[in-house]
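Read through the structures below before going on.
Look for chain A in each of the two complexes below; its partner is chain B in the first and chain C in the second.
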Partner chain A sequence: MLRTLRINARLFLEGALLSYVALFRWLRPMTYLASKIMMPLASILFFTYLGTYATSAGNASFYVIGNAIQIASVSGIYGVTMSIGGDRWEGTLVYLFGTPANRLAMFVGRAFFHVLDGILGVLIGLGWGVFLLGLDLSQTDFPALLITILATTFSTSGLGLLLGCVSLVSLDTMFVNNLAYFALLIFSGANIPVTTLPGWMAAISWAMPLTRGIAASRGLIAGESLATVAPLIVGEVAVGAVYILLGYVLFRWFEFQARRRGTLEAF
Partner chain B sequence: MTLSAFRQDLRVLFLTFEITLKMIAVDSFVLFGILIQPLIIAVLAIWMLTPKDPTQAIFVVIGSGMTGLWSTLLFIGGNSITRERWTGTLESLVAQPTPLSYVIFGKNLASVLQSLLSMLASYALAALLFDLELRIVQPLPFAVSIVLTVFSFVCFGLILAPVFLLNPAVQQWQNAMEFPVYILAGFLFPIALLPGWTTPFSYLLAPYWAARALHATANGSATPQELALSWGMMALFGTLYLVFSRYLLRVILRKARADATLGLE
Partner chain C sequence: MKAIEVEHLRRVFRTTIGVLRRTVKNVVAVDDISFDVAPGELFGLLGPNGAGKTTTVKMLTTLLIPTGGTARVLGEDVVQRADRLRGRIGFIFGGERGLYWRLNGYDNLRYFASLYHVEPETSKKRIPYLLELVGLTDRAKEKVDGYSRGMKQRLHIARTLLHDPEMLFLDEPTIGLDPVGARELRQVIRGLQAEKKTILLTTHYMFEADALCDRLGVINHGRIIALDTPAGLKRHVLDLSVVEIDVFGMPAEALGRVRALPFVDTVSVENVDQKQVLHVQTPQGSAAVPGLMETLSGLRLGKVVVREPTLEDAYVRLVGGEA
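Right after this comes the complex of A and B.
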């Protein structure tokens, strides 16, 4: 029992590290700077200026916080999806399915470093907000905010794991990823208050990751306590867990179908 | 150049245009950039801007359509030579007698014209789904502005493609270059909101003058002086891009032949 646990833990950590390194094998500091720091900055600036033009300069923090937390979805969706789908594109999927390795450890491990990377991305985004757009963090409970960011990157990575499985059966991975990322811009409450959305759209919002994380972050930065926003954080983790579960079921189904039909490497 | 050679070059340009049009019409990545992304930005902008002022609807339609134009040019036009390198057809293109610039022009023209669909899609979305009143107040100047916009965007693409090919480090910034132009060109909000030091950068971008002309002709605020300035700047920048791209392409071809690296990353 203990040995199995040890093996699975090793599989989880080594798989997590190797898939992250493999994904960014081409990575140079300049590439990271462009895609993980400058691109999110430009996105925060665009939506904050659009938002303040639409409302007033006094609402800047609403858009800064929303779009900084939204950065979690860059790692969560694109990073995780490419880590999962990469096994198919690089031809390593057949070897993975040939091993007796614990599938859950292998599957969830793909998201681990992207959760950490996502936290860093959100912190950088909030830093941009403070330095460039006057975001005031003086009332913030920082440990609680960190917990909220962790919960949010966890849930967006859950969505990434589910979309990653779609990339195992679809050739239009980037289309699906882009659609999910841009849909979150509408539904997550980053730019449009969820309360102003029609009922059916609000229902979709609350079923998606990010929505509760953004709401909790706004509350904490405005001076609310951890206890007040705890239900939102718990809800965010629960949403993430549901997406991971759905993704894992799809992953196992795909493995079963691929073995049965002999389509493991079919494109 | 003889008239017959010029006719042959034009034939290559139009064939490239036709083939590119067919290829990108079924490319899901391109379709996302042309239709879905501008529509999502339009929905966001309509939701954010029109409750305060419903007359902003046409501003949103044009602005979100222009985001589609720029994104398509950046990702499709910018990669127009690099893509040939990836597919192993660059050597054949370079070896044929028609200058490479005609081929890139044809490709960019196809992607820019197709991305005008994003403006039509945003128009339909705002009119049908959001039931907003949309009217182009100065239709003829608006049409001329569209023609000049297409010209200046296509010529801008002629610069992007060789720059991305010459320097892969610049291409790594492709994703990061999308939103800054949305901001600096004033597609969806006036550049007056930005810090003053950014204004000269806006003035150097043909998309800024395009957005200025299209917004002004749509809402009817375009004076003859305003039109002359915007149209003149688009024509000027388009021509400058055209001239500079010829130089860049010469550098690329000389370098590639001397180093024998034409097909190499």
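Right after this comes the complex of A and C.
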């Protein structure tokens, strides 16, 4: 029992390390850092100016917070799917499926680093908001905000795991990723208040990661307490868990089908 | 207990052909295969391309579910007990895919060690030992991306030995290696054999099978057509000699005429540069040469040699000149 736990914890960490190291073999550290700092700036400036131009200047913090939290979805979606999709074109799936490894630990480990990476992105985004757009954090319960950010990157990484499996089952990876990313832009409430969406669209919003995380962050920055936004945070984690579960089920299904139909080498 | 027990194993693939008017086609990759391998034995599977060797290995390594029949490896059923079996066996499929190219050799082994539940203390000693064994110690910190094909294949060997498996499946491990690299790999395989590991090996190189294997199974069209020791298989051709004739430009109808000769048993053609080398198996030995010359008259011929048959000739005879 204890040994099993230890083995899986190690597998989880090794997988996290693997996707981390692989990322840096891909990007040079400077390129990575530059994109880490500049990308949030670009997206926050763009959406905040667009939003305040369309509505009123008083709404700046609405857009700054929404788009800062939205940054979590970049690591969550693109980072995680790249880590899982990489196995497909490197031909490692046959060898992975031949091991006795716990599939859940193997699978979830790949997302871990991207959760940390996502948190960093969100913090940088909020930083830009404070320095350039006058975001006021004086009323904010910081530990609670950190918990919210953690919950949100967790849930977007959960969506990333599901999308990574979808890409194994073969649709075009980038198409699926972009679709999900833009769907989040519309539905997450970062730029369009969920309350103004028609009922069916709002229903989609609440089924997606990010939505609750953004709402909770706005509440916390406006001075609400952790207790008030706790249901939103718990909801965000639950949404993430559902996506991870769906991704895991899809992963197992894919593995079984590959063994049954003999399609493993096709990937 | 047997290390491998295979009974009437069968695997059919459904494939669809055509984009618009899709038709479903069934490919019988493995038709009906039965054999046993004893613990510690090095068993070779031979057969022409598409005979069903890789498909058999995939089923025995839990990567493919059989359509029919049963197989037990180390006493575990390959379907029912796949999870238990996986930690006790190792496998490689020849070729260079299946490694993380963006990681270095050492990190690749580290990740697979955790996938195989090797304790960190063990793998800290085991990985350097295996890198040494396959001659990659100096290159271990380089990205696999920059490895040659042979280095990647050697890394695969190290990968599959991480958890010290009781049984190994090696599907064409020496494919594409240079002669020296292939010889070194055979040396490694001999070492594993000395450690009493059970090994199932597939290969297209007859001298390799002859040199390494305790017993051989020859598969063709998804069925075992011979099962014997290398010496036993050679006995199939003991009564024959082989006449080798160099021909520059061999028309198909001339080949047909040679095959039709009453004193000719089996003929295979090997392309060497611009010439074809005809290997004619005949019970008559050198007495067959005049008759062959007459049949080939008009063609440009090179040297003619009469020699004793080898394992390769036995194999060619078994699969009917297809190799």
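In this section, the second predicted complex is superposed on the first by the 263 of 267 C-alpha atoms of A that agree within 3 Å, B and C clash if a C-alpha of one lies under 4 Å from a C-alpha of the other, contacts with A are read in each partner's own complex, and residues count from 1 in each chain.
Here is the rule we use: a contact is a pair of C-beta atoms (placed from the backbone, for glycine too) under 8 Å apart; a residue touches a chain by one contact, two chains touch by 3 or more.
For clarity, every value in this text was computed on a predicted model and none was experimentally measured.
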| item | value |
| --- | --- |
| Superposed partners chain B and chain C on chain A - clash or fit | fit |
| First, second, both or neither for A:38, with chain B first and chain C second | first |
| Contacts of A:98 with chain B and chain C, given as first, second, both or neither | second |
| Which of chain B and chain C A:172 touches, first, second, both or neither | first |
| Touched partner set for A:186, first chain B, second chain C, both or neither | first |
| Angular separation of chain B and chain C about chain A, which is computed from CA centres of the superposed model and rounded to the nearest 10 ° | 90 |
| A:49 touches, of chain B and chain C: first, second, both or neither? | first |
| Partner chain(s) touched by A:262 [first = chain B, second = chain C, both, neither] | second |
| Partner chain(s) touched by A:21 [first = chain B, second = chain C, both, neither] | second |
| Shortest CA-CA distance in Å separating chain B from chain C in the superposed model | 14 |
| Touching both chain B and chain C, residues of chain A | none |
| In the complex, chain B residues that touch chain A | 28-29, 31-32, 36-37, 40-41, 43-45, 47-49, 52, 169, 172-173, 175-176, 178-180, 182-183, 188-190, 193-194 |
| Chain A partner contacts - residues on chain C that touch it in the complex | 11, 13-14, 55, 58, 61-65, 83-84, 86-87, 91, 93, 97-103, 107, 110-112, 114-117, 120, 143, 159 |
| Touching residues on chain A, where the partner in the complex is chain C | 7, 10-11, 14-15, 18, 21-22, 25-26, 86, 90-92, 94-101, 106, 259-262, 264 |
| Chain A residues within the chain B interface of the complex | 28, 30-31, 34-35, 38-39, 42-43, 45-47, 49-55, 172, 174-175, 178-179, 182-183, 185-186, 191-192, 196 |
